[in-house]
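Below: the structure, in structure tokens.
In order of appearance the chains are A, B, C, D, E, F and G, and numbering begins at 1 in each one.
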């Protein structure tokens, strides 16, 4: 794969990661942070895909499967926190 | 019948995951799927008539991808430009869908499309509340949603 | 301030996702010796499946689904782990020496059975049992 | 040829992700951010996986990539729904530009009941199609 | 990358220790998580980091085709991660129970058992 | 011989049983043992007479040079005879004195143990065995002093005695080891027979100080004398006796025993004379100025111990002769007097001399033996005490140095002792009848047998001194002196300087005695003042000091503040590591980061910012979410650097961690800033310091790889031998399966802990 | 290879798993507790015999050759430690039959106890540095759970400190293992030792040695890292306290012995000097801490620290005799300290308190118990001819012979203060008259006779007999310690035993 493309993609993903993290730090509500966290999980899937292509190691895809299947649980956990009386603006 | 269907599905999922297309592997998947279903049997919802709907499914998928891209560009445009074009709000949409699976499927598809987000279903399952980003033309939105629901119910029923 | 936690959407979705996760976990367990996976990872995935279920349907319902106490899963896991030492000790070898058996299956296949696999199953059960104890226990203590 | 498609897929995926990230950073309130992030993020991941599937072209990898896409399609909306719902009901403030809120009035904070508006009798407070309006807070 | 990681690890250690020194037990637990991550990354870094060569053997081969990353530290870290998780689970339940019983999360108010 | 020494312990084990069986006559029954021991030891007299020493060998712990060898020569035989002989009467006496006491059985147990320990002490040839018995005497004496343990004073006095003697004992242990290091042997007879000049050895002074610290405390030399009179406050004169006649002589015994080896340095003699002389005077003075009969006797014991020490210090042939005679004389009359004192207290119901008087009518036999013993104490002819005193004067007059001072001290103390003897013998038995709580009669046979025999022996020895001399005393003198001695004991030496000194001191003593009632208030005032500044006050200061330092230290160190604990630990950990790094390795900063791709920089940045945010945010769940990001970043690191299994595990664990945290957190309060800005900056400084050290350590480690990793073995053999292609998993379940086995048990333990914390409610617990 | 080396680990693991499986039947768990701990003792004695016969017993787990496998190694020291584990385990198992509250039994006391022993035995027997970490964690988690079992306030407060500080220690341990692996590329301790010995410029090894020292120092409760111990050891139920007191800190000491005789001997002047001062201050601060306490178990807890100092002193002096002393001290202390805690449990049972001010009169009513206290208490204080005397004597003699006079002086002073504390307990609990405010005296006065009191006394008597045997018949024990020390001072023996002739 063309290293230029790979690098551009990496750069975009890195920027996305950074933006998402900024939202996570800013909040203001817990739900905002959780949304940011979910997005970061998605971006990690992107990383894994690009990485698999750039190195030719397909076994890394299993990581993406795991993220796809389980990462959303964190969101459900946070939601439960809110629903059971946790403070929303944390 | 339904159990058998799910069992085959799971066996196929197994084959897909393991990437080894062999009779043995399918059998293994079938056995493991059987055990999983054994665990799940209390809650497995009713499903029927799957096989007939393959063409409908393909048509739906294409429709969905089109909607997805269209909506994504709309959101992208608004995000990328400095002034907010959006008019967000929460609206209630009456549901045709009756069963839990239908509702789940519909709400998921709605949520997946940028610009609309399923918030909750009323306790009597007759009204779906969604958050929509672009309420400039609420009626058109409602029409689009109805169309989506129709197509979904078509393949589900 | 509390609110009603479950919805029809999450319930139904959980019933779709959970079997996928469980399948995936078994898959990860069995091929862990050759590809990424193994008892830990598989056990964690399986636990995630049950966590999802627990978050959707509550702790009590999860217990019913599991049928055995998480504690017993854990005990079974530990005993499996220890059982994998038995063949080596019986044959006078150092403990945990791997033993492999090829069980012929109808057709041209062989089922490769081994003490490392038994061991990995033990790990799987132990991890699952442990996390179930954590999560179900914590949820029950809230309710 | 496939190289180009892969490149497009990768760049497209990355663009969606970046869009999601910019959206989440820029948009003014929780639901609007979610419109950008949950979906675009999922889209990005799916595009990337499509790229992976094409790049490797190998049955195993394709199967896995498809599995990933399916899993994302199933789980992403659930997560979005759960968070959005929780965020909404916990009273996360909506953007001041929000034009209407038909849910607020159907929700009874005492009993935690959510009405459809189709209920017979006094339970129904406001008919769905003609009510709405902005939330007070 | 390893040299870069050295700095990252140092910062993680510092953050972990700062958090562990807080009086709030919740912060302390977060400090513990940070610390275990730092230790794991340290093992990873000092035993050499290799790009794109996971310690897997292709099907049918008897050995990896080229040089691969050192599998041993990976196994160690995996063990350490799982142990840290168990410990963490215990710790969070402990602080919760402690809070229920003692009624504060201020560590400075938990000195009855000393002296 | 071993049996003889240990028989006391054996009998002690059966004493409670025997007490129950024998009833009233238990004293007589138990006394059979020391009586037979006396006979047994006496049977060695012919072998020892000529100055020979018998070595009876038993092994114990040869690896540590500890043996159960017994050395029987004149000195140890004299002591053995005194211990078992007097012990016989003590056991009999106790049977009467403590008749009907509920804990008589416990008393006999301790007493027999004590006696056996004393025997072991004086007979041991091995320094460590000797020390073993030495410590046993301390402990048993503690039990005896505190016999009336429900009385707080008794407990305090017991502790005082124990603390002082054990403190000295520990020094003694060091001293004995030093001695062994100097001489190369732990065996007394080897040390005594070795020709090495210890006095010039580099460790001599240290050894001497340590050993004397032990002997001085044990033998109540000034300034450690205070515990002894307090020990006399012990409930029974029986136990008090032990502290007078035998146990405290353990120190004297050891000094005498080591004299031949240690006396070739000048320091030995000087120190002993100095402390001995001072002790003699102090003892004599306080004996004279006290009122309680046991106090009087106790201080006179202190005086005697001082005298004995002084004599060892003088070190001449004559001094050794005097030493042995004085030792025997003192044991005889002091034993008798204590038993008399007990009898008086038993019969009259009081211990205060001032309330007694004219008892010779009601207690004639008691009076007779009491007076005999007192005459010996006063050093009047024809009692053995007289011979001893004359020899004392002779010895100090001929002392190689400080002769005048020593003589003066001896005379003064002799004078005071006459007064003391008068107090003990004259005051209770003569003069006007006192007003006592009980109507006194002569003591019963059990209580009179001892005083009778001992005082008669004192008389006999005075009249016929050649008998004891030839039997053992000469041999004992030689043992102490280390060389053959040619001397001849006699009652009458003609009119010489010592005799005149005796006369002077006798007259002065009588004068003092008559003045006593008038002097008493003044003396009392002096004593009260002295007690505020004396060594005993020092002891209390030390004890207070210990408690004070202890509680101060605990307040400072174990202050209950977890943050402080951690701060100290962190500071130690990284301070030590950093210091070692700089001093042992040096600073090698490598700043080459150029080999990283920019997206790796991105991940590194994410790691850093998520960690920093997690630890700086005020939002709890913000922190938790940030930890989630950190988890993703760590997972990404693993993924990008070829660790898929790790990446997956990290992701799963991170998700579950977040779930656990949120499950728990909403029960907990939000983040509040509890610490002050100062504390925060302090902690931050320490944390940054730790971080810097870790950076340096990791950088240094990256530069070093002494050896190739052993992993190539795993990589090569996974597929062919372990039938697995995922090498990490093969390591986990096969190569290093034991780790994994342990790990699932760790998990199960965490689960069990959680289970009990969540489920075990307080009310379930205390049910039996 | 002899399989003797694996059973002391497998048996308690199996017992733990079975007890967990038999969760619902407390009766079965009790039976398993005694049976398996008896088996453990038997297995450990078997191991010791094998070791005495062959010098070393090793097992390459999974049949992979060393250094690639995890090797279990029993040298004399390890075998001794395992035997002590067996003795303490059996004593505790019996004592627990009566002392454990019902709720604790129902919520995993027995599995936790077994697994704690497994962790301890594993730590003693493993010849692999990372595996040591794993066993440490097993032990640690078991102790966490045991410490919190019961969930009382004091337990929670104590546990938070215990957990935090020990986790810090674990993290440092893990870090050190990582760094060491990064430098020498191996985990097998024999292999590490062999490779470390070839390094010419070992500066960084010393740095890593410091991390190990701190980590194990925390586990061992050395100055100034001991804070977690006095904060927690008196909080759980007494059998747990006793188990901790006897075994846990000694694992830290053992690890120090192992690392600083086998591996980190490249800079003895530096490392062992640090150890020496740490040892001295540990002795001193521990004993002073005890002097300030007025609660039975707190006094005992602080004394653990001070005694740890003696053991470390043995290591720090690093002469043959000193090491013998250290090993002897460990043997003596494990038995004696456990016993003292068990006795404190009996007085607690009699009078319902651990506070000295609420205790008294025990000597009057229960003289035999008083003797059972005196034996370990005087032994702890180093009074001859009990075990503690010889332990102290060896260490002090070694100190004097090594011309470390100041340190030896401190050791002697500490001995005195130890006696002071023991006597304080004796005077307050046993001699003193029962305070008037104590009214619940029926048990003390024997008016309530509990059914299974024998289970309280059997272990106490047994351990007291051990104390007496070590003291009165010290020669075999000394020879054992000497053998252990000889092996410790000749790491090549260990290396050869583990790696055989084949060197990679």
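The rule we apply is simple: contacts are C-beta pairs under 8 Å (C-beta built on N, C-alpha and C of every residue); 3 or more make two chains touch, one makes a residue touch a chain.
On a predicted model such as this, the values are computed, not experimentally measured, just so you know.
Between subunit B and subunit C, the least number of touch steps comes to 1.
Traced through touching neighbours, the fewest hops from subunit D to subunit F number 2. Of the two chain pairs considered here, A-E and E-G, the higher C-beta contact count falls to E-G. Farthest from subunit B in terms of Cα centroid separation is F. Per-chain CA centroids place subunit F at a distance of 26 Å from subunit G.
Averaging C-alpha coordinates per chain places the centre of subunit D 58 Å away from that of subunit G.
Per-chain CA centroids place subunit B at a distance of 39 Å from subunit E.
With touch defined as above, residues shared between interfaces to two or more other chains in subunit G number as follows: 13, 16, 20, 61-62, 69, 130, 134, 137, 141, 144-145, 148, 151-152, 160-161, 164, 168, 175, 179, 181-183, 185, 187, 227, 230-231, 292. In subunit A, the residues that touch at least two other chains are 13, 17-18, 30, 34, 36, 41, 51, 57, 59-60, 62-63, 65-66, 69-71, 73, 76-78, 80, 83-85.
Residue positions of subunit C touching 2 or more other chains, listed in rising order: 1-4, 7, 9-10, 13, 16-17, 20, 24, 34-37, 40-41, 45, 48, 51, 71, 74, 78, 82, 95-96, 98, 127, 130, 134, 137-138, 142. Pairs of chains meeting the touch criterion are A-C, A-D, A-E, A-F, B-C, B-D, C-D, C-E, C-F, C-G, E-F, E-G, F-G. Partner subunit G is touched in their complex by these residues of subunit C: 69, 71-72, 74-76, 78-79, 82, 85, 88-89, 92-98. Within the complex, the subunit F residues that touch subunit E are 554-555, 558-563, 566-567, 570, 590-593, 595-597, 600-601, 604, 607-608, 611-612, 614-615, 620, 623-624, 627, 630-631, 634, 637-638, 640-646, 649-650, 653, 656-657, 660-661, 664-665, 667-669, 671-672, 674-675, 683-684, 686-688, 690-695, 698-699, 701-702, 709-711, 714-716, 718-720, 725-728, 731-732, 736, 739-740, 743, 746-747, 749-751, 753-754, 757-758. Of all residues in subunit G, only 1, 3, 6, 10, 13-14, 16-18, 20-21, 23, 59-63, 69 touch subunit C in the complex they form. Subunit D meets subunit C in the complex at residues 71, 74-75, 78, 81-82, 85, 89-90, 112. By the touch rule above, subunit A contacts subunit C in their complex via residues 59, 62-63, 65-66, 69-70, 73, 76-77, 80, 83-85.
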